[in-house]
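In what comes next, subunit A is part of two complexes: it sits with subunit B in the first one and with subunit C in the second one.
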Partner chain A sequence: MAVTWSGRWNHVRKVTERTGPFAHPDFEPSTETLQFLQEVCHILVIGAGGLGCELLKDLALLGIRNIDVIDMDTIDVSNLNRQFLFRPKDVGKTKAETAANFINLRIPGCNVTAHFAKIQDFDASFYRKFHIIVCGLDSIIARRWINGMLISMLSYEDGELDQSSIIPMVDGGTEGFKGNARVILPGMTACVDCTLDLYPPQVNFPLCTIAHTPRLPEHCIEYVRILLWPKEEPFGAGVAIDGDDPAHVSWILEKSQERANEYNISGITYRLTQGVVKRIIPAVASTNAVIAAACATEVFKLATSCCQPLNNYMNFTDIEGVYTYTFEAEKKDDCVACSQKPQNISFCESDKLQDILTYLLESTTYQMKSPSITTAINGKNRTLYMQSVKSIEEKTRANLKKSLAELELCSGQELYVADPTTPSSLTFILQMGTKME
Partner chain B sequence: MIKLFSLKQQKKDGESAPERGKKSSAAQLRIQKDINELNLPKTCDVNFPDPDDLLSFKLIISPDEGFYRGGRFVFSFKVGQGYPHDPPKVKCETMVYHPNIDLEGNVCLNILREDWKPVLTINSIVYGLQYLFLEPNPEDPLNREAAEVLQSNRRLFEQNVSKSMRGGHIGSVYFERCLK
Partner chain C sequence: MAAVTKSGLDKNNKYDRQLRLWGDHGQSALESARVCLINATATGTEILKNLILPGIGSFTIIDEHKVQGEDVGNNFFLSKESIGSSRARTATELLSELNEDVSGDFIEESPSNLIENNPDFFASFTIVIATNMDEKSLLQLGELLWNLHVPLLICRCYGFIGYIRLVVKEHNVIESHPDSTHEDLRLDRPIPAFVTLCDSLDMSSMNKKDHSHTPWLIVLYKYLQQWKDSHGGELPKIYKEKSQLKELIRNGVLKNKDGVPEDEENFDEAVRNVNTALHPTSVPSDVQKLFKDPACLNLTSESRPFWILTRAVKDFVEHEGKGALPVRGTIPDMTSDSERYIKLQSVYRDQAAKDVSDVTRRVHKLLQELGQDEPLLDCNQFKTSSLLHSNPCSISEKDIKTFCRNSAFLRVIRCRSLKDEYNPETANVTLIGQHLEDEDGDDVVFYTLLRSVDKFYEKYNHYPGYYTQQVESDITELKACLSKLLQDWSLSSTVKDDYIHEMCRYGASELHTISAYIGGVAAQEAIKMITGQFLPINNTYIYNAMKQSSTTLDL
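The block that comes next holds the complex of A and B.
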């Protein structure tokens, strides 16, 4: 049942059915564009938190109907001030399902599918379904994972990137009053790992300050978290701190208070303790709204081709007034994630690992010095051979005499080769059957 | 400019390109590079209990000069998926009488915490740790008693280090023998 009414999509049609001074030169106004957005275009939103709620609302109101959302979290009472798809009765429910239900009820015709899961629970066959992926994440590890996934899905023909294998990634991030939005065309423009240095480092206090010369309440809390917890193991051996467990936070609070008293430091509170333990930076609803809007606009531009996408990294801060700056983050030549075009190498099943090693050492193309070869089989990393580290060399030497079949290497298997002659690891795709000329 | 109008085609579930083995993570590729290019001083050695797991290993430092000459000190390295944005977690597994290493094995080395940068490598940390044995720094102590002795009486500190490495008590703390 697609409820609609006259003029419902006028705001979108003004852009998709007319041209304009900022339109992309190849843009052809058409009624089909709206139809594409509504019926064909399939968007994945990763994260249904502060940015995710905004993104789902923005995308749905732009006419996109086929949306999937992934989130591994449940709703906490502290989310309610800004994650506006959630109500007090929803506390404890899953973010993905609650957000999807809200949008589907509120925006007629919209079809959001929820996944209460981790992004790592899905493989390439899932991610390949989407035209564009938009992220509202709070974790660098998750960003790098999805970035790596999209890069691994690229295909090359004769060394040329097959553009139809590209799934654009729009990534938003906020931290208090600061935020950024960026567009990544995997394999073509700077990726998450190209700009890894741009992420602000985690604030870490010197260990000796924490241990002996605390001056701030945070130093006292860090003392308990880093030094006292592993020593006293108050909740049993090997139990890690859970910042959402009130018993854990209360224990840390009490011990931090004792230490603060010893050094005449004031200002320890439950809130601060939990904030330090969970590394909470207070979220600002307006920053999320701006960044999500920028990301949704980019999704719209990419999906309709009505305008050149952001090139390619926008910073935003509203600490004092409003400031934004856009620049072109550069693709790194030696990026571990995206600089590699996987190269095909052909061997037979009966060939030995030694044959691959000899090839890397002696072929005129590579002339490597001491290559190490690793692979991943069923998601588990395996070191096939590494010469330069004695303890690994001894344990992997036997592999050299094994055939590729014995090593369970099949056609299409990726091999990762690090060598001092190359700035980053090389990726090879093993082609079985025909012997290399 | 990417031809985005090709987007207008319906995507089909799980079609096209055959599934390649899931790609190694960026952290994994970077650590492989770091490990392959370890350039260890002759006083250091690394040991990988499981060669398939390049994210966890031991570093053994056997200083050949300074206060700690003749000792053998084992450090455990745990590298996470955040590497190299986040530094590895390093602990000293050998009980050592040292101003910058406490009795639980925590190590006070700036590049392991506040001064870590993604351009640094495992090799940088190895050199940093080796330097701690050559030049223990009493200014930033973790083991304050040891630091005070080093500052006030270098001879006594030297004796304490020798005694601890041979296996013995310093004050009420017993140190296991760790001579090579």
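The block that comes next holds the complex of A and C.
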């Protein structure tokens, strides 16, 4: 398939067919490198949003032809200020397919395959097809999940990591004028969970402030969202808030305004209301372009060895001047995801199962979302608590109030915890003693 | 700002994610901006893409070149079919598809022709962005725009290296949106209404609920008075004194009947805030510098509104403000019942409003002295951007309010001219020398190498390493060009051969992802210039994609 023309790859070939003092020691300048990029190299892009659109363009213009893209979203009007592969006529269509079609049309020979799906819809056999996976996600849960998936695919022989089982992950993230790009070699360098403290957990307003002592317009909006909506069910029983439905936002706006007036609070606007309800993170084209470009450059380096990859984390911000900070994030010896070590957790016999659950949710090391806990007693599996299946939740809910002694859990007991942040369940070893802080 | 786009979309929806960053007035400035791009290279079109998407008013591409095969290879806004036809035309067409509300135009001509034959042409632009211009034309353009007061952004990508240079005589920033700031609480010189409010509250007679819901600002003030009373009216300054104050506050926590202290979040907050809240009220040194600036001291009828406002604030500080800037008027959220928090908030808001009206009076007075007094325009919603460019009569009440609220963060950027940078007599040689000596200074090495490849080009009419068979011999020649440059600067520093070798490897290749990175950074710098918000670079930015590092320096 000779979809090319004279001079097309002149720019790329300068660095793939010539070596330099900063190239990776394994680099061999050759025309085969470009050939590899075009014919063999298979890249997965996760997310076809702000970063994803940029990543597809960037990779395609570096000569990579075989690209898959996964995204579960459809196009919204508010995407158009930065997701440049989408037009007003595309609103409502799937992001993955629209982006893939655009790239395939614009860049001759490029073969982007779209998956309108969630990353959780695929298993290891799918992910194993790719040489490198690059993420442009806005969700930490999804990042941790794919991170966990790539770690679960590592194979060890006599404790030695089989290098050929490593699929590098390049990850980008943006928020307003700030962003970061990082390179993860699963099992070798710091993974997403090793550096979980870089993603501070979301802070919510205390419920008592919202209910009794509102001071900010945000408190009034949260009051309507959390307390008033379920009580009044303004759009029918069981109808959840849709932050994109102007009727819903307008109702919340009006009620928030009423509450604000009651307390002499000013500053409620439609924009603020929608921002709070949808937890909107501001976004601009420029930051997405910068972070995606840095990530795509790293994919190119990893795929060609024409230059040493980033080691391993870069922060970017351009509010006051333009500033980058590059550092080596450290692999955690006892990382829950990549250390292969069971996690020790310490509680007292009088602690309740709820305390363990709360700890898993709130500790900065784990930051789980809805953990289910099972264990094995005398070789028999026993579900202590499960949230995801309603009937089991009802059956196991009472366990939360029981103490660990009542549940007959003792020191050394293994607890298996499943959570949306990880594709495989994690093993915790319970130590009876003092409660963990 | 029109409310709907050409295809009937609500602009509030389409631009929602960015309106949260620069507001409606920033968007309005963007929508009236006219941007000129010289050369539709990959870097050039990537910059424009990131300006067209957020919705600039219009763009004009100046490019005399025909599309070549290698241009389509690295540029998303050219097509295979366009090879051989006008690069300006194709890029304009494909870029225009990005946003129906932006109008695009192109001129197939060399920039040097335009500079020579139609210099006024450039005066109408809000900003000019130049990519891949030869040194001679660039210096001409730099000179022309310098005199026209039009900002120039020079961008370039070369192998794994990116470069941006901002050239502007003067740029004023009112809303710099600093990332972290001290709150303006004035505990060292309390607002009279604040004192009245605090004095009206007797904490010793409060019930448990009211006690634990008294805002920490008031708690801190009360214990500060106690501390001052026993220390000759002085505020705690050193660490030990602040610790004593903290102890005093901790002792004030209510105790239950067994003598065990209750949980009082507001007291914890008071203790936590002792250090920052006692930060003395002062005029920041950046702002003091502005007060001493000749542009502030010697106002004329030509003065920009920014300087008239700066002067009005300076006069305010020296009179009504008694040495302090106008009160910002905001307080952080804190544990409190609604009523007392809102009361406290009003105290600060009211004082801020009073200060604004004092400053407004001073603006009037100054305008009168300049023979320009006209009734101030009433609160036109989208007027702030006018402060940057148009005449003083357009200063509105809203402008003054914004200015006062941001008075601690005002910034002025004055870049050095391109001429000064390129003249060895006036070049910032000391800074370059320092960086070259620095072990980690290799980002700056690439600045000297970019200058050297231009010297090389001048001499040989191609870039070093452009032809594969000449890479080796070009290395020697590039080394000679660099030595000459360092000699012109009278620098004895040396540059490792590795860097020269790497530069020849690049052979002026423009890798798409380097263009995309610089395209993002440069577009944001242009948005800063257009909106007058956020702080632009001063004046040179070097990006090293090999290490994903970057450096800004004033050349």
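Methods note: the second predicted complex is superposed on the first by the 329 of 437 C-alpha atoms of A that agree within 3 Å, B and C clash if a C-alpha of one lies under 4 Å from a C-alpha of the other, contacts with A are read in each partner's own complex, and residues count from 1 in each chain.
What we mean here is this: a residue touches a chain if its C-beta (ideal position, glycine included) is under 8 Å from a C-beta of that chain, and two chains touch if they have at least 3 such contacts.
No experiment lies behind these values; they were computed from the predicted model shown.
With both structures placed on the common chain, the touch criterion links A:W145 to subunit B but leaves subunit C unconnected. In the superposition on chain A, A:R382 contacts subunit B only, with no contact to subunit C. By the touch criterion stated above, A:M314 is placed in contact with subunit C alone, subunit B being left untouched. Applying the stated contact rule after C-alpha superposition, one finds that A:T364 touches neither subunit B nor subunit C.
Within the superposed three-chain model, A:N204 lies in touch with subunit B and out of touch with subunit C [touch as defined at top]. Under the contact criterion defined above, the residues of subunit A that touch both subunit B in one complex and subunit C in the other are 308. Residues of subunit A touching subunit C in their complex: 5-12, 14-15, 17-22, 54, 57-58, 61-62, 77-78, 80-82, 84, 87-89, 106-108, 176-177, 181, 213-216, 263-265, 270-271, 274-275, 280-290, 292-294, 296-298, 300, 307-308, 310, 314, 317-324, 326.
On the subunit A side of its complex with subunit B, the touching residues are 24, 26, 32, 36, 40-42, 123-126, 128-132, 140-141, 144-145, 147-149, 151-153, 155, 163-166, 168, 185, 188, 193, 196-197, 199, 201-202, 204-208, 211-212, 226-227, 230-231, 302-303, 305, 308, 336-337, 370-372, 374-383, 386, 388-392, 395-396, 412-414, 416, 418-420, 424-425, 427, 429. On subunit B, the positions that touch subunit A within their shared complex are 1-30, 32-33, 35-38, 45-48, 51-54, 80-82, 84-86, 100, 102, 104, 106-108, 110, 112-114, 116-119, 140-142, 144. Only residues 5, 7, 9-10, 12-21, 42, 46, 49-50, 53-55, 68-70, 72-76, 79-80, 83, 97-100, 159-160, 176-179, 213, 333-334, 336-339, 341-342, 345, 465, 468, 471, 498, 501-502, 505-507, 509-517, 519-521, 523-525, 527, 534-538, 541, 543, 545-550, 552 of subunit C touch subunit A when the two sit together in their complex.
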